[in-house]
């Protein structure tokens, strides 16, 4: 797939500076680009490469235009325009429709004739699989699942009974949706399983990273709204509700019945307790631990960055006695106050 | 499946207040219940729904009976009684016995005639699969594995060579048991693999969540005792031993050769170092980091909850110099002592 | 497989103390060994078992020789010698070459005649699978993948399009390599996917634990160099580069474009931000959080170990006001300075 720079400018809504007929065949980083490539500058730290890039053209914001030695597409959000250009130049691989010889599809499943069921896949009864769905090798779709049009399950994905996916959902390998939530009741020291009877509903345009797990609800549904993006190895507990266009980085744990707002961003390795609410437009930096609800939009953080081990050890000992330390300061201050009164 | 309220009262050992003939067909939350449902109150925060619930009956403790506008089952542990009611009203889905056309079962495997081997499953030689075992789609059972009666492997589970499961074990999708532990020896800068020759033994009534991994032992076995409940995305290192009826929430890391007692509860995203012992009846709150043995039962915690980012940044800087701060307090106090002596 | 003690001494380069003809059939721990076993002592805490071990011989360092009641092999690195002995006595299980009846192999794949493609596996077009490769049950190999000689994919592993593995790579169940990285660009509140066009290259002698995920690069490749050892449930973001012979314990999150040096060791549950560099020979203890580059070799740490819950609660409150506390100390000190000046 290739475009002229003029065609790209038009499709991206960018301002063309240079040769409209220049042919663009691929995207590349500034420092590794060869002629025929279009590159982008969205992070000031790579500005130095502008002078020497081998790219035929660069997508950038107006402030960097004068530094650019090659053709340019000027736009306010170069990373977004780059994403669109990369998509135009690299359309997702085409696939045939049909059912692979080694796949198993229940006679009671409804598979759209334009869908593809890949090798070693398994599709249970009562499922509905939409148009242009790609069900990759080794995927397991249990009974009663619904998969919306244009969704793609890359490989070895598991959708448990009754899970519902919207349209254009992208699930990476190893994703599990609709496993039982962690519901246990204690009977005098012995745990009794609480049946997990709810479902899991995934909106349109949701992307979920490799080996991420999303539990089904206990009684009602776990809900992931439209446009949510989840990275790899994330845990979403039962009855969690995640609002539209929230993005969560890898290795985050979200406890059961947590309700996360719209347009939030959550950094890697954060952990969110169950049974709380996080408002819309909350941003959590990496490693944040959230024990209680967050009512106001804003940026929140916790965690302790590394130090040289010897220093950390000394500090940790103090941390374990911080309350004592604070009380000692109180006593010193009260002594001053006494001195002042005398 | 349906029961009269009188039948349920008897089976749950609960005290009936209301119409014994009222027919109950399903469980539901207090606020979403419709007639024919039984609901429960185990968390005081939902007390307000008692007055307006659409449920035909509610399971609750005696203290809330007077607030309840509908029939009631009174019991000391409403959540436990609810779990039992939910199980009665929602028996696990029945399945046929046999081997699916697309499954592969070694001629040297012993599969009980009442077991089910699902689509795309793979069962190696020397395995023994008990009565009423459900081996779901895509499960891999390597050579020499034993699976006890009434166990259920939902889908895409992997049991490596020689793993032994007890009875009524429930494994959610993506679980891996018996992968090699992380054993490496250093040869002048180059890592040499230490063969992992032990096994993994899982007791009766154990439940393990999606994508959780349990390594085989290095020389002896990794052991998960009866009644242990593990949530999703947990790592259990080689030679770990977990005592009966311990429950571990999601995303917990347990280092190799750790020995965890009976009836412990471990909160989400906790991490437990290797080669230590945790006594019986220890409770760790979420995000706890355990570097050393815990000898006494009790509740333990660590971790730092979020703050507004600007405040956190200031505090973190101080934390990095906490030992200096403490020394400064020491100096101030010693100055006071000098003043007092003068 | 069995060896005489003399043969083992020669192969391990160890000094023989005792009967060269003693026949050794297996390895065992000191306290559970029976005759015919060789054991080892590498951790002083097990020294007490030397006197009573049932082993026929023990691998140990010279300092413990006088305490050893049985034959001995003396070496400077007993754990390494043990690893080699265990490997000699327990060669990896042999396997036949060929393609299992239930596997699917594209007609356009090149599979070495000495390779094994196991049950329910799936091998896409354009792949190259080397000599003596073992592709276990349920593995998915997408189009264009290359797998070097003597590599072993245990089961249910997924290699996405174009991934390249070196020789003697060992991948445990549930590993996913080459899933899309987490690349998203924001368009006025809506996330737009950034196509992930790079690859993933895994060097020789790399071992990767169960359910670990390694993303493909965004534009260039994610690279894991020779001899790297990764434990279970680790996340490696897009464009990460890990240097030779680095070892990472379980549940570590590595953010995109991080560059980790050679011979590093990273403890369990650590988290490393994206777009930073970690020098060679850096050692991070468990639960370390790394927000910025580490330029100097050394040992680094962060995190807060557990305390009794009541104490921790008090300390946490103080931690949230640590900056205030520090300012109060400043004021006290400045008051002293004033007093001194007066």
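By written order: A, B and C. Residues from 1 in each chain.
FYI, contacts are C-beta pairs under 8 Å (C-beta built on N, C-alpha and C of every residue); 3 or more make two chains touch, one makes a residue touch a chain.
Every value quoted in this text rests on a predicted model; they were computed, and no experiment measured them.
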Q.
Only C-alpha atoms count here: how many degrees separate chain A from chain C in terms of the superposing rotation, rounded to the nearest 5?
A. 120
Q: Between chain A and chain B, two touching copies, which fits better, same or different residues at the interface, with half of the numbers shared as the threshold?
A: different
Q.
What's the distance between the Cα centroids of chain A and chain B, rounded to whole Å?
A. 25
Q.
Can you list every residue of chain A that touches 2 or more other chains, as numbers and ranges?
A. 102, 120, 138, 156, 174, 211, 233, 251, 303-305, 307, 319, 322, 325, 329, 332
Q: Flag every residue of chain C that touches chain A in the complex, lowest number first.
A: 102, 104, 120-122, 124, 138, 140, 142, 156, 158, 160-161, 174, 176, 179-180, 182-187, 189-195, 197, 211, 213, 215, 219-220, 233, 235, 237, 251, 253, 255, 271, 273, 284-285, 288-292, 294, 298-305, 307, 311, 314-315, 317-319, 322, 325, 328-329, 332, 335
**Q.** Contact set on chain B toward chain A in their complex
**A.** 27-29, 32, 77, 79-80, 82-84, 86-87, 90, 93, 100-102, 118-120, 136-138, 154-156, 170, 172-174, 207, 209-211, 227, 229, 231-233, 245, 247, 249-251, 263, 268-269, 286-287, 303-309, 312-313, 316, 319-323, 325-326, 329, 332-333, 336
